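Chain lettering (A, B, C and D) follows the sequence in which the chains are written, and residue indices restart at 1 in each chain.
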Amino acid sequence: MKSKIIITLLAFFCASSAFASLPPRGTLVTDTIHSKILGTDREVSIYLPGNFKSGDHFPVLYLLHGMYANHASWFKETQGKGPIDRLITSGEAVPMLIVSPNAGGYDADKEQNGYFNMPGWQYEDFFFNELIPYIEQKYNCGGSKNQRAIAGLSMGGGGATALAQHHPEMFSSSYAMSALMALPEGREIPADPNNKVGKLFRAVEQNDCVNYVKNADDATRDALRTVNWFVDCGDDDFLLDVNIDYIRAMKAAKIPVQFRVREGDHSHEYWHTALYYALPFASRSFK
Amino acid sequence: MKSKIIITLLAFFCASSAFASLPPRGTLVTDTIHSKILGTDREVSIYLPGNFKSGDHFPVLYLLHGMYANHASWFKETQGKGPIDRLITSGEAVPMLIVSPNAGGYDADKEQNGYFNMPGWQYEDFFFNELIPYIEQKYNCGGSKNQRAIAGLSMGGGGATALAQHHPEMFSSSYAMSALMALPEGREIPADPNNKVGKLFRAVEQNDCVNYVKNADDATRDALRTVNWFVDCGDDDFLLDVNIDYIRAMKAAKIPVQFRVREGDHSHEYWHTALYYALPFASRSFK
Amino acid sequence: MKSKIIITLLAFFCASSAFASLPPRGTLVTDTIHSKILGTDREVSIYLPGNFKSGDHFPVLYLLHGMYANHASWFKETQGKGPIDRLITSGEAVPMLIVSPNAGGYDADKEQNGYFNMPGWQYEDFFFNELIPYIEQKYNCGGSKNQRAIAGLSMGGGGATALAQHHPEMFSSSYAMSALMALPEGREIPADPNNKVGKLFRAVEQNDCVNYVKNADDATRDALRTVNWFVDCGDDDFLLDVNIDYIRAMKAAKIPVQFRVREGDHSHEYWHTALYYALPFASRSFK
Amino acid sequence: MKSKIIITLLAFFCASSAFASLPPRGTLVTDTIHSKILGTDREVSIYLPGNFKSGDHFPVLYLLHGMYANHASWFKETQGKGPIDRLITSGEAVPMLIVSPNAGGYDADKEQNGYFNMPGWQYEDFFFNELIPYIEQKYNCGGSKNQRAIAGLSMGGGGATALAQHHPEMFSSSYAMSALMALPEGREIPADPNNKVGKLFRAVEQNDCVNYVKNADDATRDALRTVNWFVDCGDDDFLLDVNIDYIRAMKAAKIPVQFRVREGDHSHEYWHTALYYALPFASRSFK
């Protein structure tokens, strides 16, 4: 609706003008991939840059959503398309594909959420073995560490960090927003082994990003140093503490990391504005 | 939906935490006012600050939408609630009511758009004689120049500027975004006197903000100097030229005005980010 | 030199122009106060806003320098006058006096540094009993909590925080940059009781801002809640850890505090840009 | 002095720390080149990035000073080193050499100012035929359009624009701050043919950047489109009008250009903060 109105308005005003057209905006498409690993179809939202033509090759950013959300949330609730268009139009970000796969759904009691392997939900395997090959072949993007970045918010911020920790050879950069780097202290895990939130929280414990850094041996730390890391968390965010723990672990391990605490809490406006940092950061890390 | 999800998530994580709650967010309500002047009901979107209690008094900002839009557009397409909440929470803006009245609708061929008086649509009369008294009495806000501001985008940016020009005794500040300060050069006006777009465009010509400044006598210029003016327009906006004309007229008349050209064009993302400037500016002008 | 050149240039270009003059810049003066408490003269740098006239009353910000520096350092090494002028000119900060007293000198081995009471250097007593009364009477500024703010960098950031902790009834706000909130872990203190750095470090230990919050009783916490607190520290600053400790203590004590981690380390450019946040923050807290 | 103090402070605090050192800062050196064309020695300030080692190759930015200034002014009055260090340290700008040649001096009556060819002062010839070859060979930098950028303030902003207009094959980008794009209307030129300011102003008229665009034929416009252009001018700058004229000419000629009007006037603080835009812009244009 939004773009349609603006385009109508511009058409009206600009018909005879030297500046008849908006700078090229990107397009959002939704694709569906059948996962053998998950045994189900998964939807993926894909941002194609405005100058996208079949045959072109672009770098790719995997942009992960949070709990109680899905593949479309970055563009619906967080309204991410505006900042992305604006950054690419101005040159502050390079044209890239942005890929947001569905790792859950709005009802976390009924739909399994999470980017990690857990009983009956081998999402990390799906991500590396099915999603990335499918996307990068079909849309002719990414293809190597230097042309691939990862980012995410909340559960997806922890996901982006952990996936890049497990596979630093896959990503040139990782940008974590308001990230669930670990389970916050005092968090109870539902005891029922079939409870979907319980499964997710146990997986978060097993993939704790802070401990991963603390326990990393020298070779692992060297590998982690090949990724550009960024951590961005609001001063009123309930996850600030686990992000600070992560930063302290990274500094103790002498792994360079950018850290920002901006005004805000766990909110879509925080993540909306985070894109103004995340996309230029990913762009600078592409080679 | 958006806030519900976040609150669910926070409830889950924060039940036992010292920081169980988000900073207080505002509330959006829709009111309907019957206008005798317009002979119809008009809807109004109203943002009430998070700490709003009956009996409290707050300043008020009238925030005007553009063509092909309505009272809800600032909160729907432009997603303005996130920035407003964040600015008030951090103290960068003072708690205020934000009032966006319907001055048109999505179909400009069928629904008369415009903030000015035109045949069969005395909107400026409605605005000053019905809307403001109704809102400020019912919600105990504004009440004087020092507690009242106006702002708007595109048609509403020209509207905000012109209404404050006509009544500088009513507003402490005016913030114009991507404003239709005048009809851009070469714009044709539909000849049919009943055509709604034609009526709007003739009214824009009659209320041309640039000519108003150029033609202002000394007393009028003195009056205009009692308002704090701000003009904000994207470097790729098709209305940049008329905004420049306005700035040149204001400088020639020695009426102080803030002017910013930021990256962007005629887009919701531009107006979304403009709120980060507009609300602190209005706040500083309240007394 | 700087302003002289610009003014020459403008004089040349603008002689016949409608905009012959720069917006009013402030003036820097140096005053000297004889302290009976310290038994010596102390110099003070004072920024007077551009529209300052004898008889006017303005609010006042006490802006504290760091170690190995003096009263002039905020304007010399940190080049603070540019941001201050610009913020006041644009209205983003209210006109105010900015007062930077000498609490040390460039040679910390020879000149006692510090804002606290220590053997032979009762600076905190001097600050509250001599400096503030002298400045506020002579320059007709401040005079009450609502018209007074404090801020500082490094040793002066810890100083600003601690002085506002000790006297929350004196300041409406406190802005700490890269602050020495406490002695960083593992810091050795020179054993010689006459060593000036040793005396300073012991005073920092005794005035530890983190412990002050942890140990505050309910009445003290209530008093601390009457001040608006802001903490700003670079992600590469060696003092980030003690600032995080302070933030955690404040959150545990449920005392509201703004927290920002921006890009940078312990450097003049960090503090130069911090003024863009600090002055609007102080301005909003004045009443 | 500045860096020495900070380093002393850090040495003191950080001796035993895991973060004993600041991120690598750049170094400023002054070189002198003998110009046969000008018949005199000219000094050049050169910023070498912190990780500069003999044999390394870096891109180069030519950064031009204004009237009543010299090669050192970008680092002295404008205090440019802080922003440059910070941007390179954070990765927002790529490591580059920054070269500021002396095109005048503080006394414009006695020392010829200007980047253009004028009687007795063939500075443009010197710039292209002597300075660039000397710098790029000696310091192993630049060497091609893709590795070379130009920027400047006031007289140097007009200089940067005009030199890139004359030689679009030489620069990947041009960033003009508060630029003397043309002589402002009503400006009188001293009649004495030997008056140095008169010679400069006549050269500015002859190298008028606005007329250059207006008069450009199709081939020239195509060539101009190979440069990334940026224009940045304060809303209170007395040169805003000639910058607007330039933007209008560029838009009419359909040559893409970034345009920003930020808060401020013709001041060092404006140029200091402009570096935060200029260096990332130049970095993105290097290939």
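FYI, a contact is a pair of C-beta atoms (placed from the backbone, for glycine too) under 8 Å apart; a residue touches a chain by one contact, two chains touch by 3 or more.
Values in this document were obtained by computation on a predicted structure and should not be read as measured data.
Of the two chain pairs examined here, A-C and C-D, the one linked by more C-beta pairs in contact is C-D. Subunit A and subunit C have Cα centroids lying 40 Å from one another. Mean C-alpha positions place subunit C and subunit D at a centre distance of 34 Å.
Shared interface positions of subunit D, i.e. residues touching 2 or more other chains, are given as 19, 90, 92, 258, 263. Taken as a graph of touching chains, this assembly is fully connected, with contact between every pair of chains. Of all the residues in subunit B, the ones that touch subunit C in their complex are 18-19, 90-92, 228, 251-252, 254, 258, 280-281, 284. Residue ranges of subunit C in contact with subunit D, taken from their complex: 1-2, 5-6, 8-10, 12-14, 16-17, 19, 22-23, 66-69, 77, 79, 82-83, 85-86, 89-90, 92, 106, 154, 184, 186-187, 197, 236, 238-239, 263-270, 272. Of all residues in subunit B, only 235, 241, 244, 247-248, 258-263 touch subunit D in the complex they form.
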